[in-house]
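Before I ask anything, let me first share the structure, which is written out below as structure tokens.
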Amino acid sequence: MTHLFPSDPTQRQIAGELYELAKDLPLISPHGHVDPALLADDTPFPDPARLFVVPDHYVTRMLASQGIPQSRLGVPSVDGSEVETDGRAIWRLLAANWKLFRGTPSRLWTEKVFSEVFGVDSTLSEVTADAIYDEISGKLNQPEFRPRALFTRFNIEVLATTESPLDELTSHAKLAADGWGSRVITTFRPDDLVDPEWAGWQNRVAALGELTGTDVGTYSGFLAALRSRRERFIAAGATSSDHGHPTAATLVLDDGEAAVLYRKALGGGADARDAEAFRAHMLVEFARMSLDDGLVMQLHPGSVRNHSLSLHHRHGRDVGGDIPSATEYVRGLRPLLDAYGDDPRLRIVLYTLDETTFTRELAPLAGVYPALYLGAPWWFLDSPEGLRRFREAVTETAGFYNTAGFADDTRAFCSIPARHDVARRVDAGFLARLVAEGRLPLDEAAETIADLAYHLPKRVFRLDRPA
Amino acid sequence: MTHLFPSDPTQRQIAGELYELAKDLPLISPHGHVDPALLADDTPFPDPARLFVVPDHYVTRMLASQGIPQSRLGVPSVDGSEVETDGRAIWRLLAANWKLFRGTPSRLWTEKVFSEVFGVDSTLSEVTADAIYDEISGKLNQPEFRPRALFTRFNIEVLATTESPLDELTSHAKLAADGWGSRVITTFRPDDLVDPEWAGWQNRVAALGELTGTDVGTYSGFLAALRSRRERFIAAGATSSDHGHPTAATLVLDDGEAAVLYRKALGGGADARDAEAFRAHMLVEFARMSLDDGLVMQLHPGSVRNHSLSLHHRHGRDVGGDIPSATEYVRGLRPLLDAYGDDPRLRIVLYTLDETTFTRELAPLAGVYPALYLGAPWWFLDSPEGLRRFREAVTETAGFYNTAGFADDTRAFCSIPARHDVARRVDAGFLARLVAEGRLPLDEAAETIADLAYHLPKRVFRLDRPA
Amino acid sequence: MTHLFPSDPTQRQIAGELYELAKDLPLISPHGHVDPALLADDTPFPDPARLFVVPDHYVTRMLASQGIPQSRLGVPSVDGSEVETDGRAIWRLLAANWKLFRGTPSRLWTEKVFSEVFGVDSTLSEVTADAIYDEISGKLNQPEFRPRALFTRFNIEVLATTESPLDELTSHAKLAADGWGSRVITTFRPDDLVDPEWAGWQNRVAALGELTGTDVGTYSGFLAALRSRRERFIAAGATSSDHGHPTAATLVLDDGEAAVLYRKALGGGADARDAEAFRAHMLVEFARMSLDDGLVMQLHPGSVRNHSLSLHHRHGRDVGGDIPSATEYVRGLRPLLDAYGDDPRLRIVLYTLDETTFTRELAPLAGVYPALYLGAPWWFLDSPEGLRRFREAVTETAGFYNTAGFADDTRAFCSIPARHDVARRVDAGFLARLVAEGRLPLDEAAETIADLAYHLPKRVFRLDRPA
């Protein structure tokens, strides 16, 4: 009950009172990576290893860091090399190395899922590995542990998944047909169409042309095709777009310059600098589209993707080899903000992997531009210490109301309630300190905890608008 | 009474004891932006909106960040656009949006002023807005709420304002004539004369020539004119100069090189690189002047000024659109420190908006160079969390005695005691933790809190010298 | 007893329990700068000033920062200028300025040594200076205060010193002859042979050729000579190499390119860029050598050496004038990690002076690459706040088991137990918070504290292998 609250008795008491006001509020998950087919098809989860280990790069990278290769953990290979397929063998590896996760959020989330979803309260170890595996396996076949049942039990109000503009959204169509259309929505993520450095870009642009019946040989056709997909995504519930760029650079080109750059890239002649300029300019184009269609832009720059070459060659993208790097927002965002930063139609949620920007750049920017909101601590920072430092760093300059609420950002469906619960507890602890130190009256802290947990994300991500 | 102290009972008890030793010490305000005419003329404050909202860019930018434009808040326009003039209307906007300030220092300071200066203890809200407005308005006309009476009541020993070398210091002359010359002093801030990129620079240099009767067509004349103004400022009580540069770069040019650069800039031919070189070199020139005349140099680099173009076009400078950026001190200051870093006549107080430099650059530099002191956490960092992090970050390397004490840095005269009180409370809390953890004996903490609150700033800013 | 523990009663109680499990474990000191002659010759320490002040640049730089030049503190000069030689006079300067060290680790360590080694419990001051000086002086001549006796009393299991490849390791030979060979070991530190920008580099390379009887006129000869010295160091107990580069840049050149660069440097024609390329490439060469001979690589980049020119001219290197600067690891280490980052034979311990890299770069890198471990907070960060922030920053991403345990990194032999004790107490406090907040069970925290204090450094530095 007092889990994650400060141990100081005054703060703990207040944190408990505040948490009570937030814990049962429905979950708003406006940014995540759950596969929509999971909920569209509602098929049972295969086994504990494929639920907790294989798809979770937080887990596999930690084991890899101590010498257990991803192939032994069942991570699919892209180079044809052999991978472990026996779920129980994978599970035993996790159990035997469980101490690596001491002090990490992965451990917190996993144990919460064990306990609150599967009723498992023993600690994972080599001794308990098989029993826990069997217990969870047994439950996975029961109807109340199928995805849609869990969705309801988890009290999720809305879950956004993330798709490329090339995605045909068939899972979302099935969900809509089943009456789940407003509960599971999509997000428009065009990175693979605006990054000429991403292998296969020209082919994907061509596919965009085919999918939309548009001539993408011209820049204006390319923009028209993207607009057309945005319409389609909005029809599938999307209220936001998502942009994962290497940097936060933005650039305003005129139509002629942009067209030249686009043709150069299509022809394969774009160098690194051209590619960066194109991506930077496309953020401005997407901002313009947002002025018209209202999609909230999410921008999360600063990850050096596929840092480990050998990992990338063996297992492909998104398997734990992405590393943050120093990120600059103040000069990077300036062209976009000069153009549209005080347009009330524009809304941008900024994320970071570089904590140093919290007080220095992000809070001051969000604290003056109407368009800007600060996204939740992301990826390596969505942990008790990371969440706490975020509030301590940004609140004094940006307040609470220029932040966007928690985003679980996860592929791991079953961990969603655990992640939100951690965030609610940490926010309760932070607010409790403000109250205990005479910095905020209790009644205002009470209103604030509910805003952070529920009302703010719903409003910032425009999930409160009639469909 | 326990406001802002840690809630741990051991620490809270000690913090209270330490705070008692500091709370009634006179205020030393060596760095700030109060208009000296306020105290020279001693006219009553106009109304609560013009006291608490209009001139305070911390307040107006936060409201702007949620879509309330500065024009509705009475911020004067420079482009002729209309602005709200009804103080009560502005006040009601503040009240209706008071929750935006939860967790911010603006709220702390404002409520302390309400309570301790105006005896208002109700919380601002749409319901209480008019009553509070009327209560404060009524008091503003009473003699004991005029600026000089408040100055005395606030127990301010010395207040430094900040002026351009072009300022004729008439307000300070009036203050001196009234016997207030040693209580309200000026600070020499030559930024507008050393930054060729600041529009109108040549005109201001010409004005400097006229004011001093010097031929500023030559570089040596320019230096002579600056020296002459420093003398005049020192006669008006100045003990320090203040330098707000984009970066911390310093550069030693010989007289010939500097003269070439100066002429190029005067002729309008200086590019961004030349301008940076000129500013960097001028810091070295000012250091040389300080060797002779003893002015303490304050250097606060790292702000990207006027980031929001639309704000700048509508409302001009210093209205909330400045954003910090990453700042480098180690290589930047090296030329100046190589030349004069261990000259006992030189004293430089370094400020930062980039917290990452606290442990990495600033504490190590101040912990070896006799000339260097660390200025108080500044601007976005002069808050309970910012002040705490500063002590936690710098003390272990620089100790307490290479820091310069609190600087309120404010335009908001009535908030001065509240700001100093927050700093004293946070320092008491930090020292209490050291005592509670056995890291410092109580008697030494007691001596330290008084040094931080009073003796250190007085000594570091050379305010303890006979006039 | 509760020294440095959190003052919250719950946490304090748990911290005490955990600390009990660590406090008597033997000390593993895998990275430090004690002069091996001290233990080889086992001569008494000369006097308190030469024990506590003269060789400790933490102490001398702080006094210098307040205007007491190093020459008055007995720091040897390299330019022939006079320095104080009277130990008592130096001691009195320390005593008179003792308050400068309030809140610093130097004070904590010194007082622990006073109390636990010399039985001195009075606080240093002008009043007590002479009495403490006499008391310590008197003990330094007693047999139980000679270095080897203290080594045993300190419960040091193994102490690594650090030597240039040019060192003939005569002290280590004497230690081996006396049966101390496995207790005091060396570390291979080749910086002075791989940095063409370090004055005298060509002469040192020539000396390497002579020492090894190798033709270092060719690049392959140079590599062979280095390999030969590594063998000799390994025979003298070395289990690691140590690399203090300006940056973390690595570079893979082919043999031809490297040979060209080497010849250019030998000929004196290498510019700053060539020198950086050579150092960067040599890190890769050392990694290759480690694959064969098993030396653990320690990399600590990011110090701007000899920042204070006047200090450097008067007193030479390593006297307090080195200042950290921003350090980049993600792109810098990539070439090396692409080549060998998942080779199980390679082990690299990374240190930093730039805390901003803890969450952003170092923890994510160590949390995925098998070769990488995070070294203890180093230099300006090996303090209660620095150690705490390290755990808070890295644990959630890298866990405890990708960290390497405490490294005292000191020249000050008598302070070794005090430094380890501080680290054990801070780790106990951090773990106690995890337990108190329900983030780690007590029994696992108990196992972890012993791992951090003893088992991890022993294993990571390969000190658990049979000699």
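Going in written order, the chains are labelled A, B and C, and every chain counts its residues from 1.
Rule of thumb we're sticking to: a residue touches a chain if its C-beta (ideal position, glycine included) is under 8 Å from a C-beta of that chain, and two chains touch if they have at least 3 such contacts.
For clarity, every value in this text was computed on a predicted model and none was experimentally measured.
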Those chains which touch chain B and also touch chain A: C
Residue-number overlap at the chain B/chain C interface, same or different (half cut): different
Magnitude of the superposing rotation for chain A and chain C (Cα, nearest 5°): 120
Cα-centroid distance, chain B relative to chain C, in whole angstrom: 40
For chain B, residues that touch 2 or more chains besides their own: 8, 326, 356
Interface residues, chain C side, partner chain A - complex: 8, 10-11, 326, 328, 330-331, 334, 337-338, 341-342, 344, 356, 359-361, 363-370, 372, 392-393, 395-402, 433-434, 436-441, 444, 447-448
Parts of chain C lying in touch with chain B, wherever the complex brings them together: 2-8, 61-62, 64-67, 69, 99-105, 108, 123, 304, 307-311, 320-321, 323-326, 353-356, 380-381, 383-386
